[in-house]
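As structure tokens, here come the structures.
Look for chain A in each of the two complexes below; its partner is chain B in the first and chain C in the second.
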Partner chain A sequence: MSAPPPRRLEPSEAGAPLAVLLPFRPPPPAAFAWPRLRLVHLVGIAGLVLVVGGAAHAQASGARLSALEVIWRWLPLLMWGFGFNILMSVLSMALGTAAGLGLGLLQIGENRLLRRVAWAATQFFRNSPWLVLLFFAMFMIPFQFTVFGHTMPLPDWVKAVIGFSLPVMANMSEIVRGAVASLPSGQWEAAESLAFSRRQTMWRIILPQCVKRMLPPWMNLYSLITMATVQASIVGVSEMLTLTSQVHAAEGGRPDLLAPLYGFAMLCFFLYCYPIERFTLYLERRFQLNQ
Partner chain B sequence: MAALSPPEDFGWTPDQPLIRLVDVRKSFGAIEVLKGVSLDVAKGEAICIIGPSGSGKSTLIRCINALVPIDSGTIRVEGQEVNDPDLDKLALRRKVGMVFQQYNLFPHRTALDNIMMAPLHVLKQDRREVEARARALMAKVRLAGKEKAYPGELSGGQQQRVAIARALAMRPDVMLFDEVTAALDPETVKEVLLTIRELAEEGMTCILVTHEMGFAREVADHIYFTDAGVIVEHGPPASFFDDPRDPRTQAFLGQIL
Partner chain C sequence: MLMETVARWFLDLYETTGINLTIVYDAYDRQRFLSGLGMTIYLAVVCILISIAIGAVGAWAQGSPLRVVRGLVNGFVVIFRNTPPLVQIFFFYFGLGQILPRIEDADGMRVPILTNVQWAIVSLSLFAGAFNVEIFRSGLEAVPRTTTEAAQALGYTRLGVYRHVLLPLALRICLPALNNNLVNLLKTTTLAYAIAVPETLYVSKQIWTDSQNVPVMMIVLLIVYTLLVGILVFIMHRWEKALAIPGYGQGSGR
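And then the complex of A and B:
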């Protein structure tokens, strides 16, 4: 844990042990840092903006706004749309994680029938295209439902959240099963020999150790579902991609605006997901060292 | 110990063997690992089970606390039949402590927590009383001051002593040791063996699977030699080591000593 990093011996040092005999210690991971923007990145981004914006500007006659001006004008609306994507991703992740945890625990539970059912459900939802599941949710779930005489409307975006939470649930179920299976069987034996019940063993000994193992794949899953939320535009939810195409239409459908507008949407998702990706990588490396 | 004759003990009295195995058989698939093993362990006795790898020693010891279910035969612990579909496994395991080759400490909890968890959550005992007992056990295994250390911060020998203390915290009537020094550095083997010897001398009933012949000779009241799933020979250490009868025992001891 806190062992000092091995000092690198100079070849000149007398009596230095042969390097091949030294125990292998992977280098400690650097403390997590936000991805640094280096000069090369700035050049790349500026270049992209110039090429896209420049091309747009060249095609734009004096009366029309440049691409950057269009984006700036519609920025609040576009950001509202992006916020909606984030909201859907967070909600479907929360819903899917809770359901997936339950499904995963059933998959490794003691009841044979439930185990089979949970396994089948996991495989079914894990191996279906996300878009198909989304359609499935949009058309199978009623647009309103009645509870105790109150009719509650179920807006499209809520149905989309449910649709996205299905693949999250299935993948989470596998993450749980995999993490539990990856623990050495000695942990179970030790708990059993101390007269812990199966439930106590699971909640006090197995799952707390699994959280660490589950975190990186779980964050990865979140990143994926965030990017998948744009699929909701296909079923008419007013998220960023839908709004982008509406903005494009409102600006007269100018072909020169296509690349900048969709490029901007892409950039938003990249800036949101890339740090998550980096943080996941950092956690993975840290946990590998601490196993 | 006042806890020796509750109703579940089936009229077991201290003059009978604390543990009795009769013709225990166990197969894993087509491989028969135990081919009819019988042995008795009296209260306060320390026995050692020795034998070549794959002779069924670990399986045998795991049968006693029902970690491994047996196919046929009888295992009685304080008169309680272990090979009984209605067995209350948890009640049995409260009486039988076990220490493993790989320590199997819970890496997400401190040494002290490892010792306290089972008495707190399984026996539902009072936290203050449990903590006092856990600290006393840490001192007993010579690890006072390491209470807050996580298993990953302890050496193998220290971890194994925490594992012994963890099993003792349940106040078992018998302790099972499954090759507890096999994964240790030679220097740390001694400190673990010393702890076990003290336990045996205090009158704890101990069943040890071990490859430490010198230790077995000093500590054990009785030695059992297993080979290919049967007990080939058994006897008190002096006669066992100095005058082995069976050729298989002679060959094994010849290789080791």
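And then the complex of A and C:
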């Protein structure tokens, strides 16, 4: 049997080797694009319109301070409040991540009973409203506790941090479970054939690979918890939203000041959370390429 | 008769164990709690419907050939996704509610245009709607381009393609994500508490302030919300099954 005659090459591809013969080069990952200014501009314009609108409104009605001047005057206080929000978000995220990692590992552990309990706890805390959990923590945790004869007071904001860490814990538990489940089972089998114990497999082989998969949803969760920390004002923790209404009261409770003041609070959170969202998107896209 | 027996039993339960479920044996508290539950369900249902509409329209507008329209929709999505929902509610209710002109009601009183319940609906719908726009967009992106082209070749207009071909397919693709977001919306209705909308959390707080039964009401609240979420998830799963096209999507055609 003779080989079929070679296909005649098209003139355009006569010189160059066939594309399939070239060595495979993965497309380079797109560089992290800093948020383009278009959208930020839009927010800036919206914010400016509000502030200037409020200012015009205020100036029309006498020698009172404009909204912009009020915000400028109280800026240190408002920023202190915002910093407190960030602090609460970081602490509850740390607490919730640690607890959620434990709960997630229990969810995929070998003990059947513990697995059930961990699953139930995860679903329960994941499906409850954050505000209800916050109330739960505020009312059910004592305002002080005694360790070895020392009475330690537990300030409100610490209880709020614990309250926020409950939903973080549940969501983190699901993230861990999902990430471990998404790894190919060959990883487990290969580790077993190399005589790794279950614990070694988990900590040295499975979890390090999961970090990459867990990072984007984890950052998403952080962004959500940061935005949820303002709910602490409802239960009496003095954070940015509380201070905003106090500033409003200190300026005589003028109704035209409310929109610019709350608009300013929105702007602060936007400037903090929007870059996190963009970075999360970038990481998601990047990790998808490498999988 | 039955009600009385049940009430007596719960009163007994209180006297023997200290578990004080006033919402069962006390007619006034029961009425309050049920009306709060009704308000939560009302808020959730209305906001779910409006936010889905916002999502569908917004995703369509994102495909608009006009840059201004695309930019506006993107701006809306980005702003509402990245600011705290509670501040949004305050901004709408206190900020805009104060600036907007007042109208006269039937008794000649000057009242705000929108009540606190209506403001809660507006802001919660916009908040969830912004997420829905993104969800619908991801669903639209997953529909093969050839489907659009085929529909265009059959003479559908841009709106026609979207309404009769793209949206039904995209909806089926994005239902799991939509499900997630609607559960989130149901949980977010508790924020209406902050502007004194008498929903479940609000009335529960009134009840535990009156009856001093915080731990019991807390457990009741958590169970009630878990049940509500469970019902919503159940309905969504039924809907997902009902919409499934054989052979389309993951394992749906069984």
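A few comments on the model shown:
As a working rule, the second predicted complex is superposed on the first by the 238 of 291 C-alpha atoms of A that agree within 3 Å, B and C clash if a C-alpha of one lies under 4 Å from a C-alpha of the other, contacts with A are read in each partner's own complex, and residues count from 1 in each chain.
Following the convention adopted for this analysis, a residue touches a chain if its C-beta (ideal position, glycine included) is under 8 Å from a C-beta of that chain, and two chains touch if they have at least 3 such contacts.
Predicted model, so just to flag it, every value in this text is computed and none were measured.
Clash-free side-by-side placement of chain B and chain C is the outcome of superposition onto chain A. When the shared chain is aligned, chain B comes close enough to touch A:184, but chain C does not.
In the superposed model, A:209 makes contact with chain B only, not with chain C.
In the superposition on chain A, A:195 makes contact with chain B only, while chain C stays out of contact range. A count of residues in chain A touched by chain B and by chain C gives the higher number to C. Within the superposed three-chain model, A:150 lies out of touch with both chain B and chain C [touch as defined at top]. Of the two partner chains, neither chain B nor chain C is touched by A:112. Between chain B and chain C, the minimal CA-CA distance in the chain A superposition rounds to 21 Å. Residues common to the contacts of chain A with chain B and with chain C across the two structures: none. In the complex of the two chains, the chain A residues touching chain B come out as 1, 184, 186-187, 189-197, 200, 204-205, 208-209, 290.
Against chain C, the residues of chain A that register as touching in their complex are 38-39, 42-43, 46, 123-124, 127-132, 135-136, 139-140, 223, 227-231, 233-234, 241, 255-256, 258-263, 265-266, 269-270, 273-274, 277. In the complex of the two chains, the chain B residues touching chain A come out as 65, 67, 89-91, 93-94, 96-98, 100, 102, 104-108, 117-118, 121-122, 150, 152-153, 163, 166-167, 170.
Chain C contributes residues 71-72, 74-75, 78-79, 81-88, 90-91, 94-96, 98-99, 183, 187-191, 193-194, 201, 205, 214-215, 218, 221-222, 225-226, 229-230 to its touches with chain A in the complex.
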